[in-house]
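Read through the structure below, which is laid out as structure tokens, and then see the notes.
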Amino acid sequence: MNKLNVMLLGAGSLVLAAGFPVVAQAGTVKIAYIDALSGPFAATGQAGARELRHAISKFLEGKEVAGEKLEVEFLALDGKINPKESLVQLQNAISQGAEYIFHNSGSSVAHAIVGALEKHNKRNPDNRALYLNYGAIDPSLTGSKCSFWHFMIDANVDMKVNAMVDAIAAKPEIKKAYIIGQDYSFGKAFSAAAKRYLAQRRPDIEIVGDQLHPIGKVKDFAPYAQKILRSQADVVLTGNWGADMINLAKSIKDIGTQASIYTIYAYGAGISGVVGESGLGKLSVVAQGHINPANTPEWALYKDEFLAKHPGNDLINERTVYGVQMLGEAFVKAGGTDPLKVALALEGLEITTVSGDKVMMRAKDHQMQMPLQVMAHVKDGIKYDFDQSGYGVRTTSTVAFESNQLDSVCEMQRPL
Amino acid sequence: MFETIIFSLLNGLVYGLLLFLLSSGLTLIFSMMGVLNLAHAGFYMLSAYFAYSISIHLGFWYGLLFAPLIVGFIGAMVERYGLRKVHKFGHVPELIFTFGVAFLLEELVQFVWGRNQLAYNKPEILEGSLFTLFGADFPIYKMFMLIVSVVIFIILLSVLKYTRTGLIIRAAVGHPNVVGMLGHNVPLIFMVTFGVGTALAGIAGAIAGPVLGTYPGMASGLGGIMFVVVIFGGLGSLGGAFIASLMIGLIQTFAIAIDASLSDVFLLMDIVITEQTFMYDIWVTSLSQVAPLIPYLMMVVMLIFRPAGLMGARES
Amino acid sequence: MSTAISLSDLKKSFGQMEIIRGVNLDIRKGERHAIIGPNGAGKSTLFHLISGHYQPTSGKVLLNGEDISGVMPHEIYRKGLARSFQVTNIFPNLNVYENIRCGALWSCDQGYSFWRQVDDLEDINLKTEQILEKINLTHRYKVSASLMSYAEQRALEIGITLAGGAQVIMLDEPTAGMSIGETEQAVELIRSVTEDKTLVIVEHDMGVVFDLADRISVLVYGKIIATDSPSAIRSNKLVQEAYLGTEMISDA
Amino acid sequence: MSHLTRICRAESVVRKKRLRILWLCFAVILLALPLVTSNFGITILTQICVASVFALAYNMLLGQGGMLSFGHAVYFGLGGYASIHLMELVGNGVPVPLVLTPLFGGLFGLIAAFLIGSFSTRRAGTVFAMISFGIAELVAASAIILVSFFGGEEGVSSDRTMGPAFFGYEMIPQIEVYYFAAVWFFLATYAMYHFSRSPAGRLANAVRDNAERTQFIGYNPQKIRLVSFVASGFFAGVAGGIFAIQYEIVTDSNLNTAASGLVMLQAYIGGIGYFVGPVIGAIVMTLLNTVVSGVTDLWLLYTGLLFIGTVLLAPNGLTGLIMMHTDAYHNRKLATLIKPYLLGMLPLTAAFIGVVSLLEMFSHRNEAAVGDDSMLLFYIDVDISTWFPWVGFTLLSLLGLAGLRVVIPVVRASWDAANEMQILSNSTINNESDS
């Protein structure tokens, strides 16, 4: 009998659960950000939310679109860099009226979001959403698995590795290369690209190792460092990020190899500070953005403002800003915020970013075309350091917009 | 080949002894109280954070000294005001409680110290390499970790062997009720045991923080491995934990060094594995890829065939 | 007269300690047989050996002529032998009704069925209610077992043992710790519920033993030193020696 | 027919009648809920359905059978993977209505549970818990390595709309997915309740209480555990199947130890001693995960605090707190509790607002931009750059805690009074053990 009461109560709670009213305001655009806000990768995710919020306040909020001032509602949702959690949050976001989904880390998450949006937009033509991906750079996202609803606001792995190999090719003293990466789609794509471009550009370089390790689970990289040492590699190419990057760099330094490291995520979110001295003269990063020097006064001003507002934090993902800038321009071009119109407006859109770069959203595969920078991990001569450590990165060379345009196998399914 | 073996041996030893430092506290707690403390890795992490905070103000050595003490004290308080309350309901609620503590510790650490990896650094004196062998440096700090672990092991062993406290503990391992019968203050002993156990995890955290990284995820992977150690070695057996720690440390490092997969074995038998072969992914998975999986396999097999473990004094 | 339980040269050691050192005993069908002996004689161990709780080191246990040594306890139960425990061994968080009903499940041909509803099983509920009446716990049927008085729990213990309708009932010190009044009630209860059944009982209370038993066996240091009718046991020299200075047979 | 028999029969009839009404109410509520809520509400409700089925399945082990598992998501996940693969097959032309997917997921979970349970259920307690943990780690690690079945980090995706329509029902809009989940929630709950009242279910209770004794009433405890374990694996698989339809993706995070921990949290916070406890836990946790997480970044911290608080202060869970009042209810004394409870709520609310505000302010100070000193706490605008809110909320917390110390004995006394009377007047209907 007691059970009966409790069951009724349970049912009552269900009613309560359902009672959360969600009313979408007219005249506003809802932007959802899905990334890791908790768990081992929360540092990156939280930083991303901070930067995106700031960029939106600068470049979208109050922007004049079709004669009206734009209002933006921002939702930060915890996807835990996990495809399933991210889709749960995606559904939460869309059912709350979000039309633009920003997301940074995790190619597996990106594939899941692309798949889910393809289905959702087909089933709900009145309630579509766009996906602006500025960090998950598996090349198949703008290649074999490209989607009309997905826009990549970062150079994909192929582009980055291409630029990286450019820099390596310029050093004739390099004879042996070791490739190490995290054991999932991104790490595998990185390894494949590295092998491909090295073979094209410098067939004389011997690839002495091609190692995958479990992501986020390795506590001590010393055994891997030992393997690298034994291979007598001159250069280590890695796509590692987060704690896997830090610990790899530290172990390589500890074991005393002379190999230099080329990577694509090796600053900010604690990495510069922890790598510290061990990376000096060894660590090079290929990324996009003008960290040091800032290139344009507007860009320096933007950064100073952000840092003044968030002391103790860094501006890590500069491409966030370019993505938001581009979205704003697309709103203007489309004359509104309807996702389909905005998607069409984004195609082929070319802008000059606040840091003075020319970038273009290629219509064919929705891959942003952009110049890339090769940067060195340094201590001196920089204005913007990371992690309050004095360490940071400085641009050493640039791979121009034109020279980094790679072909794509994308055959896009278009609505209409 | 030879240098790989030497270095894998050294690295495995360092990692294994660190595992032992962690699991010795866990074993101690289990022996005395019958509780498998799921929050043990959480205390390890907490200590690394405390040690970091102290080290930036007072220096590394103070951190190494005080962080384990603070964590031990917190552990004792958790026992006094938490575990003791659920003790009377049996082992299952105790396990659930420690699970909750582990969960909370991870959140608490992020709440207080933020989510970034912290720059918890080795002291100057322990920077650099101790010796160079076949062109590879062996860092001083690793030797330091090795020495600390061994010293703690020796201290623990002698306390157990030659002191009155050790006598009580050894009695408790086989016969949990006997301590109370001998007229000792059982609640106090429990509290102290839990405190000492967590302090041991604290020492591990304070010395591992600079090399393995001080970040909110540092407990998550290690917690599981630790249970493997104590269960494989035999619940409540310090000697078993020691052997199991070294075994797992060595297996893990050697597995990484070996790139062979089952397909290589088949190749020796003239069987070629291609993508069309049934269960292709199993055959080509290399040993280094499955390295993290091995400990759990060892644990499950042990639990099925010999739940008392390698040198277990009693079943739970 | 056929035998219900037959033990032949039964031995049990724990490590170096031999607790049961070769027991030979025949318990006849339908008799009430008591096993007595000083503390530590191995009475409970003997019970555990017969009911399958322990495996004998050597020797045999026959139930109705069938060898059951080494058989799992639940298998032995299914062959018609039910037992109670010296330390109350019930289902503390179930109520009295459920305790008894669990005891009756097997005998009503309920295996591990998960499609039938216990509330709908007429025969089982009827049986449960009959047992409840017998052990005088009818009015307490909804009470959680852990909240009952000690004597009630002992009665429940016997109830669970009886619920399956086994033909051989073994009770391990059913009246231990009871007051005189409670003991009297318990004896009446045991007498009434074991009508037509074989009863093996271990008991310290000699009043109970001599009141109930048709025959008595005396176990001393793991050996049966005598098996006989109550009056014969009372006058047995060996038995008197064994008990000398410890417990007098006449009191307690 | 004895007196008792008559009472029992009468009670049984009343009970069955009430139960029927209750199931009816449950069904009506499930059907009617979407009418009063938004899109987001429907999404949440669907999540609650999945979480409830899983938590109920989990509680068949922990609450009903006394087996603490740290790896039950394995069966949820495997059921989910099986369902996703079935969806793929259906997409390739195998004619199975996809509304039956959960059944398939359940069968897969059942088989997996049978294989693993056949050795893991040999023991209960710590050994069982650790085996379950080890297996969960093993399966989760294999899920990343064995790409052909588990799809690696990316998991496996599919499309729920590709199969043949089921009486014109294609599960395209979210609302249809909700009804699909609700129907399965209802069926699974009904079946699990049925199980708990079956001989196997009762024996599971018996083996939880006293495994040794069950041997001496003719049952093999291992086999009883195995039956419960397999049944629980089946329903976990059913939940995985519903999930697969809802999100059209299953990944390793559906079966890792974190997912297993979450379901334990749900069941325990809800109350493992009651059949509906896990449902309440699932509701609370889903709301924390969806609604509260949208309001504060600290929601996981609050979840942890809620869990520890439950373990220490209310081991019977939230349902237990409600069930504490059944005696008073039977005795028609509930009304006497209203006043002391209101009195108790006062300092409790104060302490709650105080502590939560302090935590939020601390977190805001660390995370938010400089100059962004204002925040909204419980409808009050607060400027954290001044000392006032810090002192104010500290005082409020202390006041609340001090107030609780004073009020708790009063509340306890009235609660005792409301329940004590009952023992005198009606000693037979005491403490129905209801598990």
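Lettered A, B, C and D in written order, each chain numbered from 1.
Everything that follows uses one rule, which is that a residue touches a chain if its C-beta (ideal position, glycine included) is under 8 Å from a C-beta of that chain, and two chains touch if they have at least 3 such contacts.
Predicted, not measured: the structure shown is a model, and the values here were computed from it.
Set against the Cα centre of subunit A, the chain with the most distant centre is C.
With centres taken as mean CA coordinates, the chain nearest to the overall protein centre is D.
Looking at which of B-D and A-D shares more C-beta pairs in contact, the answer is the pair A-D.
Separation between the centroids of subunit A and subunit C, computed from CA atoms only, is 73 Å.
Annotation: 32 Å between the Cα-based centres of subunit B and subunit D. Each chain gets a centre from the mean of its Cα atoms; for subunit A and subunit D, those two points are 36 Å apart. Centroids of subunit C and subunit D (each the mean of its C-alpha atoms) stand 43 Å apart.
In subunit B, 114, 289, 292 are the positions where the chain touches two or more neighbouring chains simultaneously.
Residues of subunit A in contact with at least two other chains: 38, 46, 183, 214. Across the assembly, subunit D contributes residues 15, 141, 300, 432 that each touch 2 or more other chains.
Which chains touch which is summed up as A-B, A-D, B-D, C-D.
Taken in their complex, subunit A has these residues touching subunit D: 1-11, 13-15, 17-23, 37-38, 46, 50, 54, 75, 77-78, 80, 82-85, 87-88, 91-92, 95-97, 107-108, 111-112, 115-116, 119, 123-124, 183-185, 214-215, 308-311.
Those residues of subunit B that touch subunit D in the complex are listed here as 36, 82, 85-86, 89, 91-93, 95-97, 99-101, 103-104, 107-108, 111, 114, 224, 227-228, 231, 235, 279-282, 285, 289-290, 292-293, 296-297, 299-300, 303-304, 307, 315-316.
Chain contact summary for the complex, subunit B toward subunit A: residues 3-4, 7-8, 11, 14-15, 110, 114-119, 121, 129, 132, 135-137, 139, 141-142, 211-213, 215-218, 220-222, 252-253, 256-257, 288-289, 291-292. If you check the complex, the residues on subunit C that touch subunit D are 51-53, 72-74, 77-78, 82-83, 85, 89-95, 98, 101-103, 105-107, 110-119, 121, 125-126, 129, 132-133, 138-145, 147, 160-161, 163-164.
If you check the complex, the residues on subunit D that touch subunit A are 15, 18-19, 22, 25-26, 29-30, 33-34, 36-45, 47-48, 141, 144, 152-155, 157, 159, 161, 172-174, 247-251, 253-254, 274-277, 279-280, 283-284, 286-287, 290-291, 293-294, 297, 300, 319, 322-323, 326, 329, 367, 369-372, 432, 434.
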